[in-house]
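Residue numbering begins at 1 within each chain, and the chains themselves are lettered A, B, C and D in the order written.
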Amino acid sequence: MGNSIGKIFKLTTFGESHGAAIGGIIDGCPAGLKLDFEKIQKQLDRRKPGQSKITTQRKESDTVQFLSGIFEGKTTGTPIGFTIKNEDAKSKDYTHVKDTFRPSHADYTYHQKYGIRDYRGGGRSSARETACRVVAGAITQQILATIGVEVQAYVSAVGSVNLNTCYTNLDLSLTETNLVRCPDVAIAEQMITTIEKTKKEGDTIGGEITVVATGVPAGWGEPVFDKLHADIGKGMLSINAVHGFKYGFGEVDISSSKGSEVNDIIIDESGKTKTNFSGGIQGGISNGNDIYCEVAFKPVATIMQKQEIIDVNGEKVEIKGKGRHDACVVPRAVPIVESMMALTLVDAYLRSKINKI
Amino acid sequence: MGNSIGKIFKLTTFGESHGAAIGGIIDGCPAGLKLDFEKIQKQLDRRKPGQSKITTQRKESDTVQFLSGIFEGKTTGTPIGFTIKNEDAKSKDYTHVKDTFRPSHADYTYHQKYGIRDYRGGGRSSARETACRVVAGAITQQILATIGVEVQAYVSAVGSVNLNTCYTNLDLSLTETNLVRCPDVAIAEQMITTIEKTKKEGDTIGGEITVVATGVPAGWGEPVFDKLHADIGKGMLSINAVHGFKYGFGEVDISSSKGSEVNDIIIDESGKTKTNFSGGIQGGISNGNDIYCEVAFKPVATIMQKQEIIDVNGEKVEIKGKGRHDACVVPRAVPIVESMMALTLVDAYLRSKINKI
Amino acid sequence: MGNSIGKIFKLTTFGESHGAAIGGIIDGCPAGLKLDFEKIQKQLDRRKPGQSKITTQRKESDTVQFLSGIFEGKTTGTPIGFTIKNEDAKSKDYTHVKDTFRPSHADYTYHQKYGIRDYRGGGRSSARETACRVVAGAITQQILATIGVEVQAYVSAVGSVNLNTCYTNLDLSLTETNLVRCPDVAIAEQMITTIEKTKKEGDTIGGEITVVATGVPAGWGEPVFDKLHADIGKGMLSINAVHGFKYGFGEVDISSSKGSEVNDIIIDESGKTKTNFSGGIQGGISNGNDIYCEVAFKPVATIMQKQEIIDVNGEKVEIKGKGRHDACVVPRAVPIVESMMALTLVDAYLRSKINKI
Amino acid sequence: MGNSIGKIFKLTTFGESHGAAIGGIIDGCPAGLKLDFEKIQKQLDRRKPGQSKITTQRKESDTVQFLSGIFEGKTTGTPIGFTIKNEDAKSKDYTHVKDTFRPSHADYTYHQKYGIRDYRGGGRSSARETACRVVAGAITQQILATIGVEVQAYVSAVGSVNLNTCYTNLDLSLTETNLVRCPDVAIAEQMITTIEKTKKEGDTIGGEITVVATGVPAGWGEPVFDKLHADIGKGMLSINAVHGFKYGFGEVDISSSKGSEVNDIIIDESGKTKTNFSGGIQGGISNGNDIYCEVAFKPVATIMQKQEIIDVNGEKVEIKGKGRHDACVVPRAVPIVESMMALTLVDAYLRSKINKI
């Protein structure tokens, strides 16, 4: 259970890190959308391993093969099935974890839950699964583009190197100009240095991604439980390694703010507000202003340092990371965050079509 | 849409702040649970308005009436229908907002989404709806008690008064000894002072609640999208005024932490870890350690200061809060946060029953 | 579980036959619908007990009280909560079934499933629950009316008295002119006689209802599993006592028909077909022609004759029906069948809003 | 939408008749089930085209490739992704239907719903999709086998050749001894003759399948909307060409039966009833007796006779079936019916795990 997301635009994924392939089914994509396959691949390329010196060196082309739901380049309204082959899996790197539980990994929890687990590369718990999200995310970004909505994410923190600037003061077109995907080029350099230094130490480090959606009209999102930000939050928290989520409030601390300081006052009939501490959402429904939020990632659990752990028999053993891993996930997670935002927004958009009689 | 939560244990709520009643239906409650009705009412009392000098003075007994699903004091497995009457609604206090959009309220967004809104007391967007969550939450806390799981929340910040102590170093039995529901009595005094001062200024202030679940066995939570913390996060973010969510990591900053510092190492066969930065969840599945998270609330939007806004015709008008409002919501939100945690955990618990053949 | 129906327009019901009240929540009703409350009550009156000499004599006013989701007579898009009080429950009539399992009733199955049951009046398994469906059904009929869709049901068989005429050759405006709700007045008389005779014998008898939906445009219904007729069929089969369902094919036997005889040929651009054996649905999607189907009801299980059964201890006991029961349910089931058709169609209608980009 | 079935054990399918492949994802399969892959293939072989002289001659090996969710031969609890390649698609046979709407096919309805359709082989509306159901069905049959539940279907009517014998008087082990899958060998011969004769005439004919589930314990199925027979009925009605469904009542007509004739009296503590008109279900919940139902199939719409139809421009054209088609679908539909029964039962079984506290 739990491998689907979305109520109307629904993505279901399958696949393990070292199985034959990963893939998914998109059900609920409206018919008649002309797909730009290059753009889909481009988003996959931004997520794929081995793309630069600061990412894991596993080599995957991450080529998506569409099997259905598309006819003469357009969506037909029927489910879009797709697969991505696992090409460079090195399962041998994982025989040493077959009988042990790596720290802060899902080895123990899968073992306890299911009584059986595919230990190779973390199996289903591997972030490799997120490639499927990017496929669906790229399609939803194309749906959003037809109505003028754009989703852009960028790295806003790596370790203690923090951007500390609101997105409104940044030139997001610079995001792709550097390996770490931070629109402030000088800060980006510091981030890259931090990642390289951390990697040399055999360690890993956390980070943060900010994501902005512009052009969202008022009226998306449902009261009470499916508030737009609650669904966005769930989407983000479902990404591997994410531990924190905040929407709106810019550089301001939520808890210590005062009503008189953070109330957003509407200044014209379009619903535009003077400030945007609300992050474009009030009462769980979009208000026509920019939607933005921050997503905090913990450091990757696999480190190249020795750790003393226990095995399935409760015996103490020493472990040291093998395989190819990222020292910091945020540069590759940028398209994943964009995808979860786009997926959630499209679902909200489609749901909003029945607001009124 | 969006008025239900839970996949197996499902709560659906209805009701506006100033309608005849609010209420809900719980579908999926296992049969044979002997209910302690006093405990349910006690949780409602912790949430209800007018309970102390630092809360709104609206007077509601918040008495729940159960209409079905219970026979001779026990649940029967059939849906539990319930209502709570609205007794002290003063709709006149809201005639001035009929044609205006209050800052940082849901007036504008409901107007845009539905083209019609019950403006009295915020209608459906009122936090009054959360009383229904507390009814269901109190029932789920009783389900959890049968298997040794306990959920406790407390206020960890009011404005800049921050507890800054991990729950493991607190005596949570002290939470109810003060009006603000903070287990550190000295800090609680500062919080109360802050709320009173803020109220005098006609202003409002944000805050933070920490919630802890003990006794959760390993194996609850579903990969991939319905990760336990993603569902908990969604539940929390669906509470009125919540803008931020973080799980695990105690007083440590997520993004700037290193793998070598925050990896949780299992130290015995029960799965107990030396540290618990993971917050009791790995790969979206509980690992048998305490689950804990922090929930950040923005300040209440209704302030007793003048604000210049626009009305439905785009004309500028001056508004000043009327009615009875909280200067800070966190003291009353403690049982709501507990409820969302308990609801999510029970749903995960019931889902976990099909893990294995 | 299982107390909700509909994906977008969702009805959830609660309540036992002899509890304080039954009721429900409608989530997903579009905003801005002006409700005709008299029409809702009129549908309830067609279903309510005690309406004529051929129905059970239990007296219920079946007055619905709406608690939310309606403002100044219009739907607001928020959930519509409602209750119907149980006024004339005579629980004493059921003390004799407390420890026995009545034949062809749900006593045994509830007992086995839940280990506890509210035996009074059949508890949750009572057809009293269907009053809630009629409330929602009457609302959906009003939604359908705004787009020219009409749903009409009538009794087409009582015991061996069978109408044997296609609806196209009947004047459906005559349905309400007689107690049994059959548009052929002469046949109706025979049906009434049959019911009265059966009642005198202390027996019960089955029957059949035909339902027709006119004005449904092409394009409603979803491939593959949620085919329009599959969802209609599920809705009908979920009505108490229904054992059979057939759509299309008029008086023709499905299995023995030949392709050359029953193929429906489109004769103009509106999609109109020369014949309509398909019952207005092809590939699970409406084709613009009339939708019609037949629903077969078994005889009521409670008979006023002695039957030898076993009790919870396996001991043989003799039972004879007490309480007030229908000798044939179909006259009262007509608005229920209409309701399930209307509910399913509205859900399909709302889902169809996202067919195309 | 609508491409998933099941609440806990959920199958989602994708794929068109002439696309690269069809396939699906099973989410919610319990971990630890040792799969018998030969049995899965055997069920696919019973459904596949080209298996005998009375089926379509399209040649498909219908080999299923599993991509995930299985490790060392056992299910892992993670989603099972699978594909089946389309090998013998002859799309040229369909160029003549590109701009026409075949009678009683889904051409027109897909065109109206989506504005675009993959016309080759009927696209998504092709019964080829049901191969995916058989994959999942075969897995669920293996789950059921672990708890002693068996599902068996057989052909009970072809045209006017009707078995007219209750399953209790048949030897179901004879079902596979003849091409038409009827356990009465003499009747089977008549059925085969009928199909061959019909085929020679370029015509098609309807039929009926009966399915029996033995060993189902009491307590499966949910009141009120998700009654066990309502979910079974929906599953059956979602199979291509199915127009009718009946559960219980054997050879007896539902509507004309009397309560005194068809009431099922429990005769011992196991819940066994003297008769079984209820078809093993009371109040929507299994009662421990055999579950059985009948499913009626209309004749295949593609006939080899000339029919005058209209094209997309409303012009009259003459059409005659091309391609390779069945004259009667029921022999190949037997494993499909079994699959839908097994899928529904497993979902009900898993849901029943939370009946009691």
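Miscellaneous remarks
Everything below uses one rule, namely that contacts are C-beta pairs under 8 Å (C-beta built on N, C-alpha and C of every residue); 3 or more make two chains touch, one makes a residue touch a chain.
Please read these numbers as outputs of a predicted model, since none were measured by experiment.
When each chain is reduced to the average of its Cα atoms, B sits farthest from chain D. Looking across A-D, C-D or A-C, the interface that copies B-C in more than half of its residue contact pairs is found at A-D.
If you average the CA atoms of chain A and of chain D, the two centres end up 39 Å from each other. Note on chain placement: the centre of chain A and the centre of chain C lie 46 Å apart, centres being C-alpha means. Centroids built from CA atoms put chain D at 46 Å from chain B. Separating the CA-averaged centres of chain A and chain B is a span of 26 Å. The set of chain C residues touching two or more other chains comprises 1-4, 8, 13, 28, 31-32, 75, 77-78, 113-115, 124, 223, 351, 354-356. Taken in their complex, chain C has these residues touching chain A: 8, 28, 30-33, 75, 77-78, 143, 146, 223, 350-351, 353-357. Touching chain A in their complex are the following residues of chain D: 1-4, 8, 10, 12-16, 19-25, 27-28, 31-32, 65, 67-69, 71, 74, 76-81, 83, 113-118, 123-124. Those residues of chain C lying in contact with chain D across their complex are 1-5, 7, 13, 101, 103-106, 108-110, 112-115, 124-125, 129, 157-160, 162, 198, 203-208, 218-219, 221-227, 229-231, 233-235, 237-238, 240, 243-249, 253-260, 262-269, 271, 273, 277-279, 281-288, 296-303, 305, 307-310, 314, 351-352, 354-356.
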